[in-house]
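Common to both upcoming complexes is chain A, partnered first by chain B, then by chain C.
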Partner chain A sequence: METHQLFKKNETYNGFYAMLLVNRLQMLYFFLIMPNILINPYMIWVLIAVGILSHLNLLLLSKWLLTRLSSNGYNGFVQLFGKKLVRFLSFIGLFFILLKLSVITLGYSEIIQTFMLPATDTNFLVFFILLFCFYVAGKGVEHTIRFVLISFFCTFWIITFFIFFFFPPIAHLSDLYPLIPMEWKVENWKAFFLILSSYSGPEFLVFLGPWLKTNNKTFRYLSYGNALTVVEYVFLFIASLLYFGSDFLSKSQYPIVNMARYFQNPVIERTDMIMLSFELFNLVFAVSLFLLLFYGASKIAFGKMSKPSSGKGLLFSAFLIFIGMVLVNELFWKSWEKQTFLLNLQIIAGSIGYFLVPLVVVLVMRKRGG
Partner chain B sequence: MSETKVVLMYIDGLTNPDFVSTVKERISEINFDLFFDSSQVAAFLEEHQNSIFPQFQQTDRPDVVAYSLGLGKITLLVDNTPFALVAPITFFHLFQSPEDYINRWVVASFLRIIRYICFILSVTLIPFYVALTTHHYQMIPIQTLLILVDSRSKLPFTPFWEAFIMLIFIEIIKEASLRMPTKTGQTLGVIGGIVIGQAAVEAGFASNVLIVIVGISTIASFLIPNYLMTKANSLIQLMFLIFSSFLGLIGIALGSIAILAHLNSLSSIKQPYFSPVSPFFRKDWNDLFIRGPLVKMLERPEHLKPLKLKRYKTRR
Partner chain C sequence: MRLHKKRCKRLILLFMTFSLSGCAPFTENNLIEEISPITFLSISKGDKGELKVSTIMPPLSKENKVVMSQEVSLLKEGVQKYNLNFYQEMKSGQMRMLVISDELGKDGIMSIINVLLTDPDISSRIYLVIVKGNFEKYMESQLDKDENFDYSFYRMLKHYEVQNQGELTVVNLHEFKNLLYTPYSDPFLPVFKLEEDGVNYEGTALFKDEKLVKTISSIDDRIFQLINNDHYLAVLPIQEFEVVLGHVRSKIKVDIDSSYSTMTYTVNIDTRIEEYRGEKQLFDPKELENMKKDIETHLEKQTHELLKKMQELKVDPLQLGIQTKRPFSKPMEEKKWSEMYEKMDIKIKYDINIDPLTDANSKRQNL
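Now for the complex of A and B:
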């Protein structure tokens, strides 16, 4: 493993990769539990509205990516914020990454345990997932970004199976009413922030400037990725409404997976298990990318930028994340109330991160006349 | 050190000069006493020595060499060996056969897709059996499950050991048939495959279902046109088998991720090994999983970065 080249930059990737990065980073754990919290049919409009809001965020993001500073990577951020502030922000960023990593990995592991491997401990699953993520991340940022193509091709087709729920006898138009809210409940705010948090992920592209080939079409491609996510979210939410109905949707912890359990063919029953296995491609891709970002951020936070990146450093980061995840799993995730607290924390952190990161970067850039 | 003559062939004005300079540079760096096969030269030219995947295509067919040169690849001829080396290649070139360009495009595409499916079957079918019988019984329809339970009820081994023993057994037969004269090899195949297989079932070492699966998987592995790739197949299968016994389908998925990540990071004379999938070259998909009509394939593969992209002068 040529780990000394973890952050090397030999080639840049065009808008198509940016589109897939946006889409796949938005299609992580939250979309599997989303209908359980959205419940009401009129939340379809909120999904679309927040999707439009996400478009604006991507506009800011594309403005940053188009600058020379973004292609300078770490040095660009130092020019923008100064060395001390960059170190401080990197330190804060470590917690954001660790929280996101914990929620998506533990959430997925729990689903695997519930639906596929009930006798397997989730810590064991987390260990294996991280082990393979370390392998993927060890190939470097370039190859990890490129892995998004493989992740996309292995997962995008899964959604097409859900088209069966749009036809009778399952589909009844009455399940989609009311489409206009008669009252706005407090719980709807949680759903709103969950949606915003679900759309988060592309803000990490801020740090991938050196590897992205940007031009005047960049925003268009980012938008395509986001639009694809909006379509997928709305499609799955409508499918779950048609299948469960608004009244029963809140009773199913994992509505999307539960729906998939009913797919079967004469050769194999429980096709959902195959789908869940394929979904692992997307998780491993995202976790590998976050692992590299975690390692890069920790190098900046602890002032080790002068030292070359190494496989040992990445391994140490993966080990720290594993310890962190095991602790989070034992202390928070396994208890239902505390898990809700952790989910709420990620909902808030994801929303704030997605909202603030592109905004702050562009505002500071404008202030500095960049 | 070696006096072996090596001829580098390419079409001037078509092949990317970077390929030529890279190969020339690497050949000049070779310092070894004896080469008796072109694969040994390839070993010195490859960037990823520890990979199980060949990064140079070995061929003894002049039509393959001519076609490759025409696409913009380079070819090496090594003295005293009938096999030429072709590069840069991608993982997908290993599934292409010269007959693809002789058959009608629909037939050729069908056969090529069959080859890909057989590769996937050959590496995952036995691990899939182990995953299902060890971890995911609920995936098997009840009628099939009854057959399986009946077949496995008297076996002393777990599905993993049952499959592992059969895989090793198949590898022994394959290797033994290679070392024997053709006629003896055929007899060995019949005795090994049918007689010993049947005896293993009757003795209670393996289930009927597994024998069928092993048979399909082994035959499927022979559809891969590249000999070196066929050899790599067994190792991938074994790796998947181990993962599937631990984590079922998740193990197979993790194994696939590892293989794909590895392929994604490989290169053949500095060109990405997994293109045109990753990096993505949309136009090159005309000759990837399907072999498009020749009249539609007006351009050379973009991922080979040829100096002349157009293949024909069109009348339009």
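Now for the complex of A and C:
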């Protein structure tokens, strides 16, 4: 039996993979609940505006990816920040990853519990999801990145079904009025940060430098991925406005799933169940990637970089994450008010992470490199 | 990863068996022999202000079917009582219709609608129907004659819903909810009357918010189908002129003046004459023109009366209020709109285009 190196680097992936990575990391849990926070039709413009902002972020990201430092992985970061700071930052990063992991996994399992398995405890669902992810992550970073292809093709087609809502009798143009904001409420700021947080995810590409083949076309591919996400978000949001009307939207807990529930098919009655199951591919991809990042970051944070990576270590971090998630589930997620707190925390953490990580990396790089 | 390959495979196998065989821990038991997936529920007013919930059990198997009803104060309590009284567990995943009695409709059905909306098992495609008469008694009398009458009823609603076949109002939960919750609109539902010979379509029930306030029938209902629901009618008989218009298609144009005091409601109709028993020479273009004018005035008068009725009741199933929405201005408050709507002068204009196809009774000219 060969000894498996989780972080070994045999091949690099081209821009197409970078595009898929950006797109799929942005289409995680939040797009399922987003319409019920955005509510107002004029938020379409905010979605697009923040999408453009996200473009600028990707520009910074691509600058970093183009440098020689990024392809050095850990050593590159050490050169940039110094060993101690890298350890400290990794330690903080662990919480960010755990928070993101908890929100997307628990959110997804709760949807599964609501729509498919009402009697099952979400902790079991989390266990099975993590089991899957452990298997994928166990194949190493290379294979996990490659898994994005499967994840993309298993989930992208789902959105095409929603075209159904753009035709009469459901679609009325007046559902999209007023198109410009007449007043700006406090809740709209929450919606703004939610959008920013939904677009977050690509900042994790900062750490995947060694596995990405970069050239002058990298930014183009990254922005294609981002543009695709913006189109998907705007498309889904308009569809939900047409289906629910902006007055009912805030009352629907899972608007996108409820819309999928409305599809009818003579063969499969519950199309939403099939779609939700396919959505699992995307979740498994993202969670596996985060699992590897979590393991890597914990190795750095606890100063174990000299030791080779092992399956046992990964298993241990998966176990830690499982315990963490069960705790978060019991303490926060199951009660509604605390869940909102956790969501708000992730909204803020996601926004800050996405905004700061590429910016800080590039700024420090400029300062050091001159 | 040092996990042995075989062990890995076994793990996956274990997981697959778990998930594929449906023995994931603590799932609901949905064995088909042990559940009864009801297809409809009928809700009416009980004796002491409670709800009377009835359905036919068992809905699937070839056993003798019985009508079961329970008097409960909460709708879901009814489901629980069924479970305690019947050997199969009741499931609502296959529910297709909800039959509501008109007395209950008059009291308001918001709470029932909310129960349906919050249950993820219940599809938002289920049909809502108002019935006049005792549906429970009717079910009992029907069971001997035709056990599958509930299915036939469902097929009928489904037939008229798909592609908007005209003829009758069919409303599902999603449409009802949207009309109920959006400002400037009031919901409506089909009304069926129970008679000796079966369930007969009577017309459309208009709701003021959640309460049934008026049932429109015959010509009013025909016009309602034409101007709102389907914009299509297979046949439109007009007895006054001894004529039947067939394949009537309509297009509506609504104009509101800037002060919101007058509304011009234009109905463009494309149709052909299917039957005529009068004395007019419809081959003569002039006569046809006269006929057209007569029909236009008649329909204008009828529609005007219908809209007047709606204004008096302050109901707006036609969603006329959304005409005031503009892309670049703040939407009007609902209260303000309803005040304006009441006083609004509505002008109806019909523009009919007729192709004469048959005139069996007319004498042919130039023969």
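Here, the second predicted complex is superposed on the first by the 365 of 370 C-alpha atoms of A that agree within 3 Å, B and C clash if a C-alpha of one lies under 4 Å from a C-alpha of the other, contacts with A are read in each partner's own complex, and residues count from 1 in each chain.
As a convention for this text, a residue touches a chain if its C-beta (ideal position, glycine included) is under 8 Å from a C-beta of that chain, and two chains touch if they have at least 3 such contacts.
What you see is a predicted model, and the numbers here were worked out from it, not measured in a lab.
Asks: For A:T120, using the defined touch cut-off, is the partner it touches chain B, chain C, both, or neither? Pick first, second, both or neither.
Replies: both
Asks: Of the two partner chains, chain B (first) and chain C (second), which one does A:F153 touch, if any: first, second, both, or neither?
Replies: The first partner, chain B, only.
Asks: Please indicate which partner A:N344 is in contact with in the superposed arrangement: first for chain B, second for chain C, both, or neither.
Replies: Once the two structures are laid over each other on A, A:N344 reaches no partner at all.
Asks: Quick check on the superposed pair: does A:K139 touch chain B, chain C, both, or neither? Answer first, second, both or neither.
Replies: A:K139: touches chain B and chain C.
Asks: Just to be sure I read the superposition right, which of the two partners does A:I112 touch: chain B = first, chain C = second, or both, or neither?
Replies: In the superposed model, A:I112 contacts chain B only, not chain C.
Asks: Under the stated touch criterion, which partner chain does A:G311 make contact with: chain B (first), chain C (second), both, or neither?
Replies: second
Asks: Could you tell me if A:F128 is touching chain B, chain C, both of them or neither one (first, second, both, neither)?
Replies: After superposition on chain A, A:F128 lies in contact with both partners, chain B and chain C.
Asks: For A:S250, select first, second, both or neither according to whether it touches chain B, chain C, the two together, or no partner.
Replies: It touches nothing on chain B or chain C.
Asks: Looking at chain A, which of its residues have contacts with both chain B and chain C?
Replies: Shared contact residues on chain A (touching chain B in one complex, chain C in the other): 117, 120, 128, 132, 135, 139-140.
Asks: Where on chain C is chain A touching in the complex?
Replies: So the residues of chain C in touch with chain A come to 1-5, 8, 11-12, 15, 18-19, 24-28, 120, 123-125, 164, 174, 177-178, 181-183, 322-323, 325-331.
Asks: Mind pulling up the chain B residues that touch chain A in the complex?
Replies: 135-136, 138-141, 246-250, 252-254, 256-258, 260-261, 264-265, 274, 277-280
Asks: Tell me, which parts of chain A touch chain C in their complex?
Replies: 1, 3-4, 6, 114-115, 117-121, 124, 128, 131-132, 135, 138-140, 169, 172, 174, 176-180, 182, 244-245, 247-248, 251, 258, 261-262, 264, 310-312, 314
Asks: Can you list the chain A residues touching chain B in their complex?
Replies: It comes out as residues 11, 13, 16-17, 112, 116-117, 120, 125, 128-129, 132, 135-136, 139-140, 143, 146-147, 149-150, 153, 266-270, 273-274, 276-278, 280-281, 284.
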